[in-house]
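In the two assemblies presented below, chain A is common to both, partnered first by chain B and then by chain C.
Up next is the complex of A and B:
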């Protein structure tokens, strides 16, 4: 853990007694009260707190929903309807869980975008970043399996399409892909068996996420938070204690985000979903357009942009796995894009590409959408594999402030930490 | 000069956007569907009990010949926020008009018993196979409990208008696409143009996805006065379609009124909390700037 002097003083005799035996309150105090946070972090740094909050919300509502849900092909759809209609406040629990998944991803995308812009993946934060990519993958797996549970038409056909992707392995080792798909399904088609195993995994994975979140926060508190300047904390006036400063900011941001969340839970519960999922799964009737949830659309667009099935699958998976290598693909010695005049433009075009891919993923795979999907897919990979390494070498960065304090106050502190009153 | 150039640029831009919009509208599959005014839309939305009662009458007299609303129980018809029929009336409706399977008796025979409030409303057929067999074209009349949730209006907005139309729908809390579709469908049985050949057993409906052939015949072919209203509401096809759509919207979302009422409290509470937290945050940070 990042070293700083502890201000923890147990107030009671019982507290002192425990402190000498299991200093858990001291650990918490050190990590979440007087932990030094850069004084210049902006509201984008509140997304980590939001994500932790939404993980808690999803687990809490999910456990109660699990008490009423029946994971069988015959009863799943009806049990969700029973939750909506007959369980006390079941409609509220279900709306929170369903919309919560979307807001979890919304916060995650902002969080990842912030990391990319301010170079939060650069040394010494590589492990922190990789743990983040692991969390992202676990979230995607959990969300995908969760989406199968209502057993509506989109649930069923999304599972069919996505699990069938593994059959593309047949192009390399004939027969192997088919075997993998049958192994995933637990049979020769998507069925109640598939639903039951997805349900078991949907209940398991969130706890794996919680565990990796623990590691993510641990790694964060070893190296300390990045900030908009990308500079390290060098002096006491560069930082403020986490409580009350960062905590207060986090709570305010949370209240605004939860306000938006509540608007969707109460007034737009179905806005982010697909109306076909209110039709019970029917293996004999394929919907005209099968689309995943909005947060998977960019990857779905990449999958369909490639004419070859196997290559499409490889492109889709590598578009996420490539994120692992960003700390080494980015050759720039400056962390924050604020001081990188060329990279900044490419960054925003990368964001536009991902949003455009999201839009194209929702459209049928036909001209002119496919052409554009290919263009933005090409840029996605070009950005990560070519632009990121080259720009880092040729770019001349803008002058950096000497310290975080100078970036905020416009001057260095006269005496040590005098103006700030913060730090340790 | 600059003014003229700006005007020309605006005109060119408008023409391009207009042409783009027209091109995008043309490749859409479904017809344009008008948004209707519903009592259950928006922040203060709620169902009108009288309208739901009329809608239930339209459902039982017309739709229920082929369609079920199997996710509704008789007790739902009594609940506040819905049609709120008098309990005694629903009890006798259930007992007099509907028979359901009883538990097996001591001989193992399954006899019929009169329905009670706790029973789901039985549909016209015992199963899907019987439903199909009873239709001239063999098409399955879907259960209508969730029909307004299971339908939506396709957006034909060109891509550059998508953010704006999303924003409009989010700010207005627009969730009535399914109801708008069902209403448009029910009133969409029109005479096709001369060159359209409607196959046997099919019917022409202008809002049904191309080629606009649907197995369901016009439910209101009898025209006005097909269903008798006793609350003074004019007996028109438009009112029948509107009222039965409202009834079906309720059957898909019986908790809507409670949801919106509670939502208002939650949103106002969070808004005040956020404002207070903003000032608290400013106060805490005031020493730092």
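Up next is the complex of A and C:
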């Protein structure tokens, strides 16, 4: 699988000298040049590269924005306006950072959906999958704290609502929830103190993400990439070297994705945000309709679907934490939904539910939206807790090809398939 | 060390356990400043009190003042609103506790327990929804006041009645009544 003969030959004397002391180029060559990649991966397998790219973009633009941003209740709002109006290229850097967060999540959602469809969480990829859930949680925390920084009305009230989620602990241990919330705030309400600490953590967490991304890639390169058939690489003809095949595919997909990204950055920078966030934070007035950024809407809908405070919070957190257990909730031994006629339908119901919850989360908490939010919330949990385990047992899967090569080239004489696969 | 069995604790075992325990306590003690620094400091905790002049607030009107960074709703209730609040049976309340900082937790959420005797037209409450901390609507004349004529939280749809008690929606508790006292007929001190 992942272990392979190294083709690395240092070209220069200096390269050879370094190779005997710190074989970093050899490591990179082995992991990102001649690393065996399944020959049949489709464009959904380019999302990992997209995510790495956007992490880099967010860190690079974030560091320079931090040079101009002032994390205090009095100055935060105007410093962000100054970045947009006065700082040289500030408008561009801020638009990239702001729209970049949305596209980061877009790529993450496609990446997660691909994993769910092709069963990329199944043995031996459980740890790889769990690291992915950890990354998702870190991304959410980072995005949430980043959203507080412009200190507009939506920033302020999003922080108020989300930090108040922890006060639901009061229903279990009276007083504890309130203490936790006041600890998070550093006071009796959201204030500049809260803003400053969120800024410190918003700067820190992306580096934690980068560290976990390292582990994620490490785990990926130990077990090898999944592919649309869900089969393992069994013979040399099943794989191609990562460079140039997978790398070129990544670059092409990235180019297309970045075109879309650029369209938003230059023409629709505020389309994905909320206009109320261009009103400075006012602790005395809640906007009539609070909504989070689009990428949190499904979870927000789940929170509001349940009329009890503590249960709503539990449902919202468990909707994400349940993802950790999917490798064991899915009882099917077949990885790819391509060969799972029943699961395939439920997968699409699940995606429709999440999209529907996203739409409902953007609507006010009143009929008929609340009723539908309850329906789709119920399906969300039903899918993970009941349908996944049962379908895996009762489903009769379609016949699997014997190898990746056979899936690509059809049933050919074995010798011919092997020689065709080696070259291209 | 291999010759020692579990039922043969010796001096070295004792030293190892004692050293480990010492290290754990030390690590916890070293961690505490890093956690506690985030708690509200003494200057924030110093119980700032706010004095409010009620004379400009006519019957049916309401004002919002700031106390400890939190909005406090003060409404001069009409006789109809007081009657509506008193006519509610306690069994119909979602939260039967008064939530009045001046009264013990055992106090029931009657209208009397949420106001001061003889000043029942004045309702003073922390104007923060007990669900997730939004500011409910209902202070201004044109605001939506919900199905019970009190306050309505637009964030997640909690309805409060004319005594600030939760009647419908996800909020778990009645609006909190802060500690306050009348300094004169037209002036109160909150905190």
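Assume the second predicted complex is superposed on the first by the 411 of 424 C-alpha atoms of A that agree within 3 Å, B and C clash if a C-alpha of one lies under 4 Å from a C-alpha of the other, contacts with A are read in each partner's own complex, and residues count from 1 in each chain.
Keep this in mind: a residue touches a chain if its C-beta (ideal position, glycine included) is under 8 Å from a C-beta of that chain, and two chains touch if they have at least 3 such contacts.
From a predicted model like this one, the values you see are computed outputs, not experimental measurements.
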Contacts of A:269 with chain B and chain C, given as first, second, both or neither: first
Partner chain(s) touched by A:210 [first = chain B, second = chain C, both, neither]: neither
Touching partner for A:252 - first (chain B), second (chain C), both, neither: first
First, second, both or neither for A:59, with chain B first and chain C second: neither
Touched partner set for A:307, first chain B, second chain C, both or neither: second
Partner chain(s) touched by A:182 [first = chain B, second = chain C, both, neither]: second
Touched partner set for A:157, first chain B, second chain C, both or neither: second
Contacts of A:33 with chain B and chain C, given as first, second, both or neither: neither
Contact residues of chain A, present in both the chain B and the chain C interface: 288
In the complex, chain B residues that touch chain A: 43, 71, 76, 142, 145-146, 149-152, 159, 162, 169-170, 173-175, 177-178, 209, 252-255, 258-260, 262-264, 266-267, 270-271, 273-274, 277-278, 280-281, 284-285, 287-289
Chain C residues within the chain A interface of the complex: 35, 38-41, 44, 64, 66, 68-71, 131-137, 153-157, 169-172
Of all residues in chain A, those that touch chain B in their complex: 39, 78, 81, 84-85, 91-92, 95, 240, 244-245, 248-249, 251-252, 255-256, 258-259, 262-263, 265-271, 275-276, 278-279, 288, 359, 408, 420-422
Touch list for chain A against partner chain C, complex: 157, 160-165, 167-168, 170-171, 182-189, 191, 193, 197, 283-286, 288-290, 304, 306-310, 312, 364-366, 370
